[in-house]
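In the two complexes below, chain A is the common chain; its partner is chain B in one and chain C in the other.
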Partner chain A sequence: MELLNLNIPSWSDLAYWRPEAILCGTFLAALLGDLIGRGRRPAISFVISVFGLITAGAYSVAAVLHGGAAHTIMGDLIIVDGMAAFFRLLFILAGLATVLFSWTAEEIMGRKRENKAEFFYLTVLMTAAMMVMAEARDLLMLFLSMEAVGLVSYVMAGYMRTSLRSTEASLKYVIFGAVSSGIMLYGLSLLYGMTGAMTFDGIRAGLLAGEVNGLSLLITVILILAGMSYKIAAVPFHFWCPDVYEGAPTPVAAIFSVGPKAAGFALMIRFFYTTLAAGADPSASAPLIELINWPLLMAVIAAVTMTYGNLVALRQLNVKRMLAYSSISHVGYLLMGFVLLTDAGLAAILFYLAVYTLMNLGAFFVVVALNNHIKSEELDDYAGIGFRAPWLGTMMVIFLASLTGVPPFAGFAGKFYVFTAVMDRQWFWLAILAALNSVVGLYYYFRVVKAMFLTRPAEGADTTPLKIHWLQYTVLAVLAVPTLVLGFWFGPLKVLADQAIGLLSTGM
Partner chain B sequence: MTAADLIFYALAALTLVPALWVVGSPNIVHAGFNLLLTLLGVAGLFAWLGADFLAVAQLMVYIGGVLVLVLFTVMMTRVPQAREADSGAKRAILPGLFALGVLVVLLLVATGTHWGAPALTDAQPTTAEIGANFMTSYIFPFEYVSLVLLAALIGAAILIREPRGTEEDDEAGAAVETAEEEVQS
Partner chain C sequence: MDTMLPMGSVDVGMNGHFATVLIFVLIGFFFAAVALIVAKLLRPHDPNPTKLTTYECGEETRGSSWIRFNVRFYLVALFFIVFDVEVIFLYPWAVVFKHLLPLPELGVLVFWEMVIFLVILSLGLAYIWVKGDLDWVKKLVDRAEDEPPRRNPLLKSVTNEEGSQ
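Moving on to the complex of A and B:
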């Protein structure tokens, strides 16, 4: 047995992996805290989770400010680079906002606050697992990190144990997840068979060196895409999405709609860019991409996803379901950045994801805040809510307008970059279709605004002002202000996204 | 045809024939027992390929653990008898054609690909090497999986714990009853 050529991780690797290590520690500490409080003191876990997330966030910010080259660590299985740093911040924002907001959400804590604190530390672990997804550079870590996020998600979807809908959501998530993982594993095994390599770089080298059969590579890519499309809920692997979002507790749906999706995109960017496109002449398409006609494949998936999501969202009368379909259509817009696998397109995805995280979390959180009071997510029950909770209503308008992509809001800037990325390479039909889709979006987003502000509530309905917890207002404001500001002052975020992708393409 | 080829075809048959049964059988208990044979065939294929550790793991995890669990679950829950309409031949046409198409494509891939992975020349025991790798190069995924398994454990505890609320219990109970009535009617 040969033990000389082993690549043994050293403790110094942890220096580049502090935020993740802190979150893993936070998970264990919060778990222990829950045990010490005998499950009756959720505050212990809540405080530990918040503190851990903030500490990890501080280290992530420090890492971004420090800049620096890519480091492959943990036996070359993990890469920490600009893109990983970007996604770290995104996931910590989503995780922290969700934990803070859930503290006062009845769906999580129970009507009499009788529930335990598992939700908080599961969210922390999910945040850490999503970070690993954005850092994987090896097939083994790719699969493990996806399964880790999946396992935590299944539990969180079924968190309302006594609700049939929640249990059903969890079961659907598990079954779809298992099937798509199986399909993806088959694709990964084919890829290993073709190249004999496990790392993404090694796979590209193997594909470029060996004689590649176009059909084999195409089928392999499609099989792997199946697994990843499930994570980001792209057509035709979107079936679980509306049911899970509707059945799961709303704060869980909120983090599902941004966290695992962004993590899926991070993994897709790193995997497909590194294996198929990296290192190619930037002025022309990479040969491997040409071989399987990747642009057309992605353009069709993007077009179908955004159109399907939008058209079905039109008919939804449940706000949560509507937001679920709207999130599918946003995945379609995001996939447009993938069509060419150019730096501009990928940076546009990162920018859009950051904006999308802010506005979509916000929209879902408003639904949570309202659900605390009116116990419903039906559009009809939203009638006149804008007068009962003016601030909440205003913020919902900001989030929805931004989701639509109307100019002074951040969503417009996000769409603008994605659209220009495809038009740069003459994919006009895709850009036109996406613009038409945005107009369709206007209708169903503003139907909610109309219900909140223009519809009179039914005779005899409760019209007392709603009391929203200050913590909820704070979190919503933290999400709403950037949604507004990023609409006209988006330079810094754009620079950050460009840097992240620039480091990906140069820092092999 | 050498002896090794014969063994391979025997193992492949052991995997495939019961697998067809698993898919086609209207009786879910029969399907479960046939799955046992299929998984045994897969373990045999691993052993045939020289992956001794995987073969034993397949036996212990899938046959010893997962399958026994599946059979227990099937036998302990009330299984609605498969209705005629569900197993009708008409409904099988489209999925059957789809499956056939998938088979053709996968066969084309399997035969057309230039396999670059190094072929196994002579089989050596793999267990020691796998163990050494887990403790050195692959210690990170090894530790990471333990964290994931801990989360799975907690998740299982959450999903099976006794609910504390009382009102919601009644709601859920009523919902279950109505669902059952719908199934019966």
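Moving on to the complex of A and C:
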């Protein structure tokens, strides 16, 4: 029978895919719980979501401890390997932190909200979709997973549906998403036309076998980069980023700033590493990279992205917008790891992403906690707030210092590895530019610190201490402690990142 | 490498395939241009107001077509998609299911896959039902509640001037 020639998925595939399957089940169960509670009992969905995320996390940890080779499952569409395991843990951490923190966030759980539970199970679904993004090894799954993350994001951005700004953010996100997906699809179709293959391995083989025209490969790569740059908000596809972060509820902005970005990077790493990079066999495909002058292309994108993000962040008076532009500049630093498509550079990206997830989530969560009380994200309203909530202020200082990249915080270790990766191959101008950019970052990050601790509040302003929920302190501590510790004890995470990339290259 | 070409076709490479597309596009443009140019050359040019009115069955338009449609229409459209997608997937599934059923493991797998799919879709239906999207008459929502004042640094100076006058 001809049908059997296809690689049809079987039940045994699920053995390697437990975290994803659990999260999909959690999503359905939490949705059902919401419906049973008639939309008035968000606690049901919250408990189910937290439980599901923890279970999925436990299975992911077990999979990491088990180690093991890469497994190609679901009819060759998905690969579960070391890198997938790394990102699973990252996404579950981000999802779980967001769900837990949002339970006490006024913007999500405020009295007027009518769809509170939806936030929790949408976050779960997004986590599952992001995990698939890190596992896709086929053009179809690449596009499908990106759209899955996108669709959930559009709904979450418009979560406050009675707020004009939130709906505006959602609409902007949808339109930008549709356009960039279209551009990327065009690139993917060209790639399929050139190689006749859908899997990344097949594309690589096709590119190496046929006589590839440098110009058409360059155009294809740029078109595909357009779609991915949108996901990670790299210049010139960053326009949606500040508006969406400002309009969406802050917990949503928090997960947007780490989750889909990390997933976009995971996808880029797997796609470009598999199709273009030298990988384990350096002689084979280095010509592909040189053919399109990949290092220069990525170096320019990285340089423009980090400089633009930093310079515009200088002018922001709204902390959320400032963090949005700062996240754009961090994308620039991260892209530096892509310039040479070497194992060292990609491992540096993974390390930086893990650190970035911790510190950026933390900074956004502090904004959420403050927003619960002062109902504002304007810098002026942060005056003297450090004395009303000393612990919160201290944690904000930790996160911002780490975002700046000052030793001994984790951000420094992250930047160190990325910078080393480019300096190893004599890209000094890029490293110097990035170092200068970090200095610019110092100014706008510490302006927030200055407002919190050194500026006097306006006359007659409220100076009573703020009551911060214990759950918020717990989540923030869980994020702040590694941000501190990873600054001087980064060995284990580095080993994990190296292993993830090492398994990526041997897994093929 | 999994090259996929239609049966019996010759592999002429991507440029070959797209050359066909290009020729189609060019011929298309050519036909349209010829029709327009020939008509322009042959027809008499004598417009008058009666001639320029809407032709036969067309209504005279009133107002702009840029009006707001009630969002409920979109909800109904989405609701329709739930069943539409269901049928689209059920139909090919039903066609191959007969052949797959005798196979030991695969038949069961394919059956339960469709059951899971249907359960997910019916959850979607339950969702719109419980959330009240099947009710045609809805209560109005107060839009203003979530709007913090937008502070634009560029507008600040303008409002200050107004305040001082």
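Following the convention adopted for this analysis, the second predicted complex is superposed on the first by the 493 of 508 C-alpha atoms of A that agree within 3 Å, B and C clash if a C-alpha of one lies under 4 Å from a C-alpha of the other, contacts with A are read in each partner's own complex, and residues count from 1 in each chain.
Going forward, a contact is a pair of C-beta atoms (placed from the backbone, for glycine too) under 8 Å apart; a residue touches a chain by one contact, two chains touch by 3 or more.
None of the values given here were measured: they were computed from a predicted structure.
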### Message
Looking at A:Trp11, would you say it contacts chain B, chain C, both, or neither? Reply first, second, both or neither.
### Response
second
### Task
For A:Leu65, select first, second, both or neither according to whether it touches chain B, chain C, the two together, or no partner.
neither
### Query
Does chain B (first) or chain C (second) touch A:Gly202, or do both, or does neither?
second
### Query
Is A:Val155 touching the first partner chain B, the second partner chain C, both, or neither of them?
first
### Task
In the overlay, answer first, second, both or neither for which of chain B and chain C A:Leu164 touches.
both
### Query
In this superposed model, does chain C or chain B come into contact with more residues of chain A?
B
### Touched partner set for A:Ser376, first chain B, second chain C, both or neither
second
### Message
Looking at A:Leu35 after the superposition, I want to know if it touches chain B, chain C, both of them or none. Which is it: first, second, both, neither?
### Response
second
### Query
Where on chain A do the contacts from chain B and from chain C line up?
1, 3, 8-9, 31, 112, 115, 162-164, 190, 193-196, 206, 209-210
### Sites on chain C touched by chain A in the complex
1-5, 13-14, 17-18, 96, 99-100, 105-106, 109, 119-120, 123, 126-127, 130-131, 141-143, 145-148, 150-151, 153
### Message
Using the touch definition from the top, list the residues of chain A that touch chain B in their complex.
### Response
1, 3, 6-9, 24, 27, 31, 74-75, 77-78, 110-112, 114-115, 118, 122, 125, 129, 132, 140-141, 144-145, 147-148, 151-152, 154-155, 158-159, 161-164, 170, 190, 192-196, 206, 209-213, 215-216, 219-220
### Query
Taking the complex as given, what residues does chain B use to touch chain A?
105-106, 108-109, 112-118, 128-129, 132-133, 136-141, 144-145, 147-148, 151-152, 154-155, 158-159, 161, 163-165, 167-169, 171-172, 175-176, 179
### Message
For the complex, give me every residue of chain A touching chain C.
### Response
1, 3, 8-11, 28, 31-32, 35, 38-39, 112, 115, 160, 162-166, 190, 193-199, 202, 205-206, 209-210, 317-318, 375-376, 378
